[in-house]
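Take a look at the structures below.
The same chain A turns up in both complexes below, where it pairs with chain B and then with chain C.
So, the complex of A and B:
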């Protein structure tokens, strides 16, 4: 029998695909699914993504076929064709992408055939199957990107040695994706690279169209974007390299060295950049030295989040803030290979201080594993309580944090208690943001 | 309260004579004075043709395709001796979901309480027999048909389909679904074919309700767009269908079948293949002669 997941931290594949498309400039998704799929996913994902909103041609305005029983019985291809036609007429976009829900995939609607009717339209119309029974929103990101790489990115582009694409940050599931991409792009550009992130500041659909000029795909995740990178390699012959998502000085230095080596730009450029950035980084970070001592010095930390945030935040806590991570819960559903890969990120830390690591998609897992990480009180005369401490996770950790009266910083999906604009947790600037958010939280908690 | 309505589903592999059997059964029951509706649940939509001189009727789904609301009366057509004929119909081949179509059509009739309104004695569902998805199992789910009969020849593919149906019945029997009335052995004229089908029913703990031999009369009548009961009422074949109708009218208690497992079924089939091969080669052990 299947197991239930207690309050999962993601929506379905269709949701992941929709938020990936929402993050693409001037792109209009067309949902081929029942009424309700689009709006429910918008509600779930927008709020969880720090109130990302619908964007251009998105959210409550998403075009949808809203299929009913008639389409299920007789097939919905004609209805889809009608909807594509109307969308092209009413929505001004440079790319239209049909994404599909479970029911139309179960009856075998050929969305690609409906999209192909519009092959002579001014803007391209693609169809990408994204049935939700094929995975979660992270899987939807890979499905959407793979479809775009197959159907939109131009074939046969001449390779440029200095061009890389950045994958692995899932728009929406990572509430800070845009700020993160901006910071990572800023850094890579200083290595002399041209960078396509597709969803970052100032990018256009040309970044995606010409992504095949790249000589390398950097995937900043042990799970997200890997399948898309494999498709990219298969179609456009561009290899990929998986690196951990970097937060703060130590991880970003590792990242820049590895990226420079993989992109063949030489480690000297990386070292010079790291030197410059660290100079700036520590100039800011040292400001917290006094208050750091004033608010109980060292903290225990509990971290819960996805495969990108959980390991990197834990290492930041341990290596940069000098705090003590006690428990880290990775909340994705992973296969054995992915689990081993993520597990391996908990090694080689400068501090040598590691948390108890658990892989569990249940929200209640944090509560369940906490006694393993910290002995519970048995009414002893002297009980060493779990204090001072902080929880870094998602809004779903609120109950746990309240129960133990611990301050909570939300960084991983869902981030429903914050408005996220251009903030970033990646790179040097992201490290400074995380440090300042954490110390601010502790001060306001006093 | 009116008289009790008896709902029966007849399944069988495509081409095995399911519609022939069902139509003759409907015709025979109507001659016995019952008010009968035959409900074709096959996208081919030709279940009731021989009740209506070979003519096709607009299907539930064709009509629904044209307009969103549907009065069930619009798709009920009278056939031989007043039998009510309905065809569920289906989508064009290769698109949509025929299974959902069956569900839609059956639900529409239930919601509009047509069976009660027409004061029927029998509703007979003629269903595509491979039970490929949940839609085709609708007539055997709770609250629709109470008894299921399967039409099968001694052909192995037909037996496979019957066994699949038994699996479906077994599954739904736990939640108040229809039970198995028995097997109507079709195109079985005796000899080894009778042995095969009897052996199968013994093993699956069910029984044969009637043997219907292959008959040229059926073909002759069907070419004229008629059931045997209508077209050749005095024929031997018509008497077989009248007898079947009487048995079904008297049938009260259906049972849960014991379908064979996949491997069991294959072994059973290959056991018979060997036996038949030996007979062809004349290598028959004593007492096994046909």
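So, the complex of A and C:
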């Protein structure tokens, strides 16, 4: 049973599915839903993803049936068939995917039947049910990917030992998904692997079509992509391995060792790569050794974000920047098993410095738990205040940050106060970006 | 008109015969509108667009000291994620202490679809009241609770006793109407039923009655004009309109956007309500006249020199200030003319294509003509009789193409390929496509720039000149990224997917 949420930082399953499809090359979604769904979700997810925009055929350009009362009463399948026919006639794409909203699911429209009418069309037409009362954007990512793995990825492909698929970074909900995938793929390729990320630089629909050649799916999330990986295993017989989303040198070293081991490429290759990359990484990071110590850039921190960012950012600032995270709020809707899994990521840190960890999807949660993480002033003569400190979260932390006059870096969805192009926070390059962005925040008065 | 005993207002396709699908010449549109058959048309291909739920939020999210409850599954109202930052910023332009946008989503899931969402709504209202202590709680009701039949009004009636805030529902399920502007009626319906009321002024018999004070109060009321703003107006627009109204010796008060609870109570202490957009306010103003006998003006939009003059003259004539208005308009017009001279020289002959709300588009077209530009294409979200008057200040547009479409960028992309405009004056939504024509784009509205009144004409002119001065960005995008349509689309009739009936 879901709970009411104060300012949720995700949209619905349809939204997650749309942005997953938005990130696929030459793919045209066909929305079978009420008029406002597509455009409203675009408004949410584009801005939240650092102004990702409509791209090739998204936003106001998305094909959408815009069903009204008449279809709700009499059924919308005929309207959907008409819309699919026109979309194929008008829009140039290599894959058409019907995704559905609440209304048409409630009245029981059979989108798959409407899509099946076009089975002989030049490009494939799939239907994936994505009703929003069945989950949030992250769930929508899993629904979309599962549908694609079932209906689009080639069956019976011969396995290649050197090929892996990378799952768990949700386009849009992770504003930096493309930069992150690029960096992670770069590293895995240096282990001698072929990598499909589906949404990464230079990839085409063939990466998705031939994903069944892989011998392993790596899921870089304790929640996102796991269901899709299970579907993949069921349909294509490829096992999966869940690893945490890595930010910075320490976490990326763990990631590369675990990935090398799981992919069977030997740890020697991983060790050599880690050695090379760490040298390069610290060559850059060393630059701030002066200023960090000249003016004392250690900070307390509050972190709020999703299951990928919140634990990894917290560990990064604790283990690598030597900061002191005091409160981390994880804002997903999680079940008990997922909660335990995420909780377990807060252990084994070299610094031994851990924050208070709270699981709460409300935006007011940060305010609610802050007094538990730090004693509030009782008007003492001497008060050990929460200062100097920063907030690392989303744009929804702005009111809190303003109230306490704390600088805010937005990394987790929504990132409405930044433009995101090819930046990343994953891997070694991502760690350097995060260090640079955090310190820049403290230096911007100069 | 009095629909206040109904749960919801009628949809605009019924109430106003509004239509969302038309392509043809301006004179054809006007005659089809008069025949009353615009509202029957639809499309066999359509693209994503706004709905009355999303558009309702444009108004409700601007209310100060309010919490908005999105009664629906988790995605309904998610557009707030995109607008939350700006909402706080623009509220603080009216009240520096204003809070940012707060909304609660009832997060209806599969179990609620079967069992109903009333309990979650109850929990949300109580939480909004206790945690945030707002003056206003708005319950926006999306498709799912409407279809499963949640009795939202009953829940609100029950909880109104227990809460400090005034609560009102906005029944705005997206599937109910093709005309998203029905949203304005939905929100006004709630405001009329819950927020507009005579202020209670305590009579105190120990205080000596002060005739002078009473006279001053009545004088002030007799000179106060409510200007009905829209969410997408800038603060600069309000300041310009306020300047002009005050120049007539009147006082302007802006409603309903960015208002708080008190503003609606004071709203009745005025002697005239003035709309700036016929798409926006008729439902509200007609009810205020019916219930409180406050006269109103709905005519043109004060965008453009002639339109602004006409708007001011109509206001002035209600107060016997025609001569003062004429002097003001002449003086403003002269000053503007001089300022525009160098801009006209550069903009003359440039071809403009305008898209947005029909009223705004036709009003802004007057500016383009004033600058000597040629109007090659027009596109409005929907059309009803309120826009007809805007044609009076346009010259020779009978044979200009007009497209009625709520967004649907595929139609204007096709049109633009034929009409080859030099500049787009364009609504948000679909500019990722429009940019790929390689043409500069002036946003037709913005909360950060001035468009209205005389200063607005100058601002629009100088911004267009700047945009035309270097269009490299869109040209580069056009060179490197292609549009998603097949080449065959550009050979077809741009209105090929419009169905006349049903």
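Quick note on the criterion: the second predicted complex is superposed on the first by the 438 of 446 C-alpha atoms of A that agree within 3 Å, B and C clash if a C-alpha of one lies under 4 Å from a C-alpha of the other, contacts with A are read in each partner's own complex, and residues count from 1 in each chain.
Here, contacts are C-beta pairs under 8 Å (C-beta built on N, C-alpha and C of every residue); 3 or more make two chains touch, one makes a residue touch a chain.
Only a predicted model underlies this, so the values are computations on that prediction, with no experimental measurement involved.
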Partners on chain A (chain B, chain C) - clash or fit: fit
Which superposed partner A:42 touches (first chain B, second chain C, both, neither): second
Partner chain in contact with A:294 - chain B first, chain C second, else both or neither: neither
Cα-centre angle that chain B and chain C span when viewed from chain A, reported as a multiple of 10 degrees: 60
Contacts of A:72 with chain B and chain C, given as first, second, both or neither: both
Partner, of chain C and chain B, that touches more residues belonging to chain A: C
Partner chain in contact with A:63 - chain B first, chain C second, else both or neither: second
First, second, both or neither for A:108, with chain B first and chain C second: first
Minimum C-alpha spacing, chains overlaid - chain B and chain C, in Å: 5
Residues of chain A contacting chain B in one complex and chain C in the other: 69, 71-72, 106
Residue numbers on chain C that touch chain A, as the complex places them: 44-54, 73-85, 88, 99-100, 102-113, 120, 123-124, 127, 131, 143-144, 147-148, 173-178, 180, 406-410, 429-430, 432-433, 481, 484-486, 488-489, 497
Chain B residues touching chain A - in the complex, by the definition given at the top: 61, 64-65, 68, 90-92, 94-98, 100-101, 104
Interfacial residue positions of chain A with respect to chain B in the complex: 69-77, 106-109
Contact set on chain A toward chain C in their complex: 1-15, 28, 31, 34-48, 53-69, 71-72, 82-83, 86-87, 89-93, 102-103, 106, 131-137, 364, 395-396, 398-399, 413-414, 416-417
